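Letters A, B, C and D name the chains as they come in the text, with residue numbers starting at 1 for each one.
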Amino acid sequence: MKMFEYMGKEIFSKYGLKVPKGRMVNNSEDAAFIAKDIGGAVVIKSQVLSGKRGKAGGIKFADNPEQAKAAAQEIFEMTVQGHAVEILLIEEKLKIDKEFYLAITIDLAAKRPVIIASIKGGMDIEEVAEDYIIKEQIDVELGMQSFIASDIVRRMGVTLNSPLGKELVRTIRTLYRIFVEIDAELVEINPLVISGDKVIAADSKITIDDAALYRQIELPRVEERTVVEKTAHDLGLSFVELNGDIGVMANGAGITMGTLDTITYYGGKSANFLDAGGGTGEEGTAKALELILSRNPKAIVINIFGGITRCDDVARALASVKKNIGIPVPVVVRLVGTNQEAGRAILKEVGIEAYDFMQDAIKKVVELSR
Amino acid sequence: MAIIIDETTNVLVQGISGKQGFFHTKQMLTYGSKVIAGTSPGKGGTTIEGIPVYDSVRAAIEKHRIDASVVFVPATMAKDAALEALAAGIKVVVVVTEHIPVHDEMAIVAYAKRVNSIVIGPNTFGIVSSGKCKIGIPPNQFFIPGPVGVVARSGTLTYEIVGNLTAQNIGQSTVVGMGGDRVVGLTFVDVLKKFEQDPETKVVVLIGEIGGFAEEEASQYIKEMTKPVVAYIAGKSAPQGKQMGHAGAIIERGKGTYEGKVKALTEAGAKIVELPFEVPGIIKELLLKL
Amino acid sequence: MKMFEYMGKEIFSKYGLKVPKGRMVNNSEDAAFIAKDIGGAVVIKSQVLSGKRGKAGGIKFADNPEQAKAAAQEIFEMTVQGHAVEILLIEEKLKIDKEFYLAITIDLAAKRPVIIASIKGGMDIEEVAEDYIIKEQIDVELGMQSFIASDIVRRMGVTLNSPLGKELVRTIRTLYRIFVEIDAELVEINPLVISGDKVIAADSKITIDDAALYRQIELPRVEERTVVEKTAHDLGLSFVELNGDIGVMANGAGITMGTLDTITYYGGKSANFLDAGGGTGEEGTAKALELILSRNPKAIVINIFGGITRCDDVARALASVKKNIGIPVPVVVRLVGTNQEAGRAILKEVGIEAYDFMQDAIKKVVELSR
Amino acid sequence: MAIIIDETTNVLVQGISGKQGFFHTKQMLTYGSKVIAGTSPGKGGTTIEGIPVYDSVRAAIEKHRIDASVVFVPATMAKDAALEALAAGIKVVVVVTEHIPVHDEMAIVAYAKRVNSIVIGPNTFGIVSSGKCKIGIPPNQFFIPGPVGVVARSGTLTYEIVGNLTAQNIGQSTVVGMGGDRVVGLTFVDVLKKFEQDPETKVVVLIGEIGGFAEEEASQYIKEMTKPVVAYIAGKSAPQGKQMGHAGAIIERGKGTYEGKVKALTEAGAKIVELPFEVPGIIKELLLKL
């Protein structure tokens, strides 16, 4: 789950990291009011989950409340990378000496958290040369000891035991504590602004592990899925919309990807990725079919290799949708595995002949989608 | 022979009284696995399907030699269960449970490394040494003994490929599901090394997918292998997974794509199949050449 | 640092462990008042650091406020194992189903924390057979995981997943957290009272690691040293009063013990153990001498093998004490090591001839003490 | 030969700019120890007594091969310093600092075990391989090369005994101060095993004291040793140390007394001396017999 910038900053602030003075607003009148309250120049930042707000015009500066109101008005009227803007964060404009970069994520190859730091922070961090990127894996049993943070600061070229060095050590240690305690997959500060001896998180990008949300009850919830994707998620299905015309359902992420690969191979185009794996029952399967139909595909392929998934459940779901709602497009089914015979018998009753091999079924559906 | 588990492996089921644990205990027994004990806190002293149930792993260890355990407890308690098995000295721990928080997974993997045990999963279908022992959840009928070692990241795709092999009467030495999560106990290299040393395994099938570096790492080792490796990488035309911000980009630096993986594997000498159902044909060819 | 029972219970309570309802009082009037407030039968417990209050009469029961007042009066007038009683804890009398024992300390051989539990708690825990004592070492890097506490409860014979079993698991995990977070060397609950499904800490015994007090700023401070011992401690010296008549000073715990052993071997009796090791300078050494003199020994032996300790510092200290305060008893000195020659020259000026070997010096001082 | 450290050992001083670190760096250099680097956060790039100073252990490791480090930083930061040295892969870490919280000591010892390194101390005078390398704080003049291995819990008592040996011209192979604290990195057994295998060491002196079980444990191993062991246990007539409540009593069950230790050591074949200055005489006898 991605979090909005202002939510991340609230967390930082709670843990004692410095963030710019600021407030959220949802209209331009309030933007002017807050700008006046903050005093001096301000930054107006659209709160969207996209990573490139600045380049898309979603961040503006203003020298006084009137300018702030105008800038806010402008941002509210735009979309940032396809997202409508509902909330703005109005913040003091910082005196910036340097912009650093600091993040913690998971190094999947090492199976450990990794600290990433750079003294070349700012907008184009991905373009910074490897020489300026410091990476430090953390042994989770040892944890973030003081010496680890100190050595990162040393490698950043900042004098240890100086006020700035000490503040950076504290910032790194605190960020690691946040990373662990909120079950984050990513915490990122870019830029980490150096202003004299002060170290200020001028931005925040946080992603929480969805699997851990059950124990992160104090964190706010953010929904970034489309309505259809959310419906699928609530049904325990993994669903992504694509641009083609063949509706796809399979059971398991790997076999779903394999189905997509085969469709492409035979010259077809998939309308969606729908993984109904892990024991989705009859009702879930029926809902999955309805989801696929709602996207108006030209044809549908169902590719089931039943392990936990039972073929008769899938067949019953298909039969009931056909009877109750009707399926206006051709459906091609491949059905093998657990309770295969029962499933095929049910399908036969509604006039569907199941295939044995996925390649045959997919060849067929691609033909039908032409 | 086979790798990791065989006909002598004594299996403990953690969470044996739950719906999943109960169902798959029966399936594993049917397959012939030596499931000899289960745990379920508060149910110690009872039996399930004739299997004695204990309150804790240690209580089971006091009465039985346990070589492997399989974790069927809910995600909220899975870390505790896995650590319990590892702390009790069990050398192979199969974590079937899905949706375990990734921080918990890192903790499990770190501790397993420290105590020098193997963790299969989390979010795995398990491991099958065909005809000898199945630990996990795959359907019994598709696994028959033979010369093919299979290692995979995802489940149903493995059944698809193994099922096709079995349909053509090509059996498997051991089929290992490393687990579908981003952080899991084994790497492809860990498993490939074991296949390389296993006399029963003549050829290896690697079933990978886009994202991560597991296949690129595997390529480094495949170069040194004497046994042929056939690889299928799923996701050539699948949507990109979500990326971990700039930090992810910095770490990945362009790795993890279909093209990158295929290039690395090809250069290492692996045979790439473009579609999953092409595996049996190539394997047959390779076996005829041996 | 040992803590009073009521302090330990305040800590328990803060961490969510159940303790009996109760209040502290420092006079018998208040005892009656609190007993009335609690209602019903109460226990009156003297707050002293000795371990055997019960047997010494420091714990009494009362059925009503009048009895409570009388009992309090009685305890205030007694000493418990040599300690005057200044504070009483007045508590509700618990309905006791069972008395368990639970403690965490450090297993020095394993170099790890160890949980000790027994279902035979109460007054005579030391007499309980090994079979009823459960010990479980904790891997500090793994920490107190749930399964560890569960297995202890299983070994105690309590049904897991029962309300009592769950409460015991929680109690063990919480006690471990306390043990770590307050830098304890010992946390002990005896008895841990089982009352229905409730688990209540009916007593507390906590010892904090003195070396960690600097970071345990929120813990209350308890002083159990004698005035002389406290003076020594404040000077950085390790001092214990003994019953003999030969004052002893040496530098280092081992050599001080060796000096005591040798005095005993030659038939003498030591008046004290005074370790002035670890670079005690001239002033500290002078204070140490004054401390020894304050105990009126018949003779004094100073045994210095100078490493960090400099012989000239010791000699100067001895000379200045001799000049300024006077030393009314014979002083025998053994002085070798760093700056040995300078030290001996200083001693010669005040008429003291130093020995080369500790055995010769100690033989002499034992003679002089006769 | 010698144990743990010798003339090839490159030494790092952690906290080289502090009063203690500075003083003892000079002393170690005078003794002939190869002190080749020091650390002091914020002072990287300077030199002290001609020794280059670095901001962190890793910075030093980038420039030098370091075989051992010695920690002179204050107690509040000693755990971090010891972990830093261990994490950097240094195989011998000598922690001189005293008054380190015991929970910190347990953490240091646990991590050292995991990374398979030796921790000497905390609260130790250090280690001397006489004539080759001294790491720590003992006075230089009392340590001369020879056939006696010495292992001790306390410092000045060791100087007393080693000084008496040296006065009689009996040198030492290595003198190890395990540290005076309750939780320290080494056990007597760890050190005795090394002496048993060291060709230079002909006889061993064990300097113990009352409390704890270290000497009782040592007895178990002394039974197997081929080299003679002379033991002095301090504290026959010393006051009892404080005891850890009932829990301590349950753990100790009467162990830790002078009588118990002497009995165990005697039964194991060690020669007990009743007073510290009796050591040289017995050693002389033993050496003549060899």
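Quick notes on this one:
FYI, a residue touches a chain if its C-beta (ideal position, glycine included) is under 8 Å from a C-beta of that chain, and two chains touch if they have at least 3 such contacts.
Going by UniProt, the chains are A, C = Succinate--CoA ligase [ADP-forming] subunit beta; B, D = Succinate--CoA ligase [ADP-forming] subunit alpha.
Remember, predicted model here, so these are calculated numbers, not experimental data.
Identification of common neighbours of subunit A and subunit C yields B, D.
Comparing the chain pairs A-B and B-C, the larger number of C-beta pairs in contact belongs to A-B.
Distance between chain centres (mean CA atoms), subunit B to subunit D: 47 Å.
Rounded to whole angstrom, the centroid-to-centroid distance between subunit C and subunit D, based on C-alpha atoms, equals 27 Å. Work out the mean CA point of subunit B and of subunit C, and you get 54 Å between them. Residue positions of subunit B with contacts to 2 or more other chains are 111, 114. The set of subunit C residues that touch two or more partner chains comprises 139, 141-142. Contact residues on subunit C toward subunit B in their complex (touch as defined above): 139, 141-142, 145-148, 150-151, 154, 159-162, 165. Across the complex, subunit A is touched by residues 41-42, 44, 55-59, 77, 80-81, 83-84, 87, 111, 114 of subunit D.
Residues 51, 101, 103-109, 111-114, 116, 125-126, 133, 135, 139-141, 180, 183, 185-186, 188, 190, 205, 207, 209, 211-212, 214-215, 240, 242, 250-258, 260-265, 270, 273, 277-278, 305-309, 336-338, 357-359 of subunit C touch subunit D in their complex. By the touch criterion stated above, subunit D contacts subunit C in their complex at residues 75-76, 98-107, 109-111, 114, 125, 137-139, 152-160, 163-164, 180, 182-183, 207, 209-210, 212-214, 217, 232, 234-239, 244-251, 274-277.
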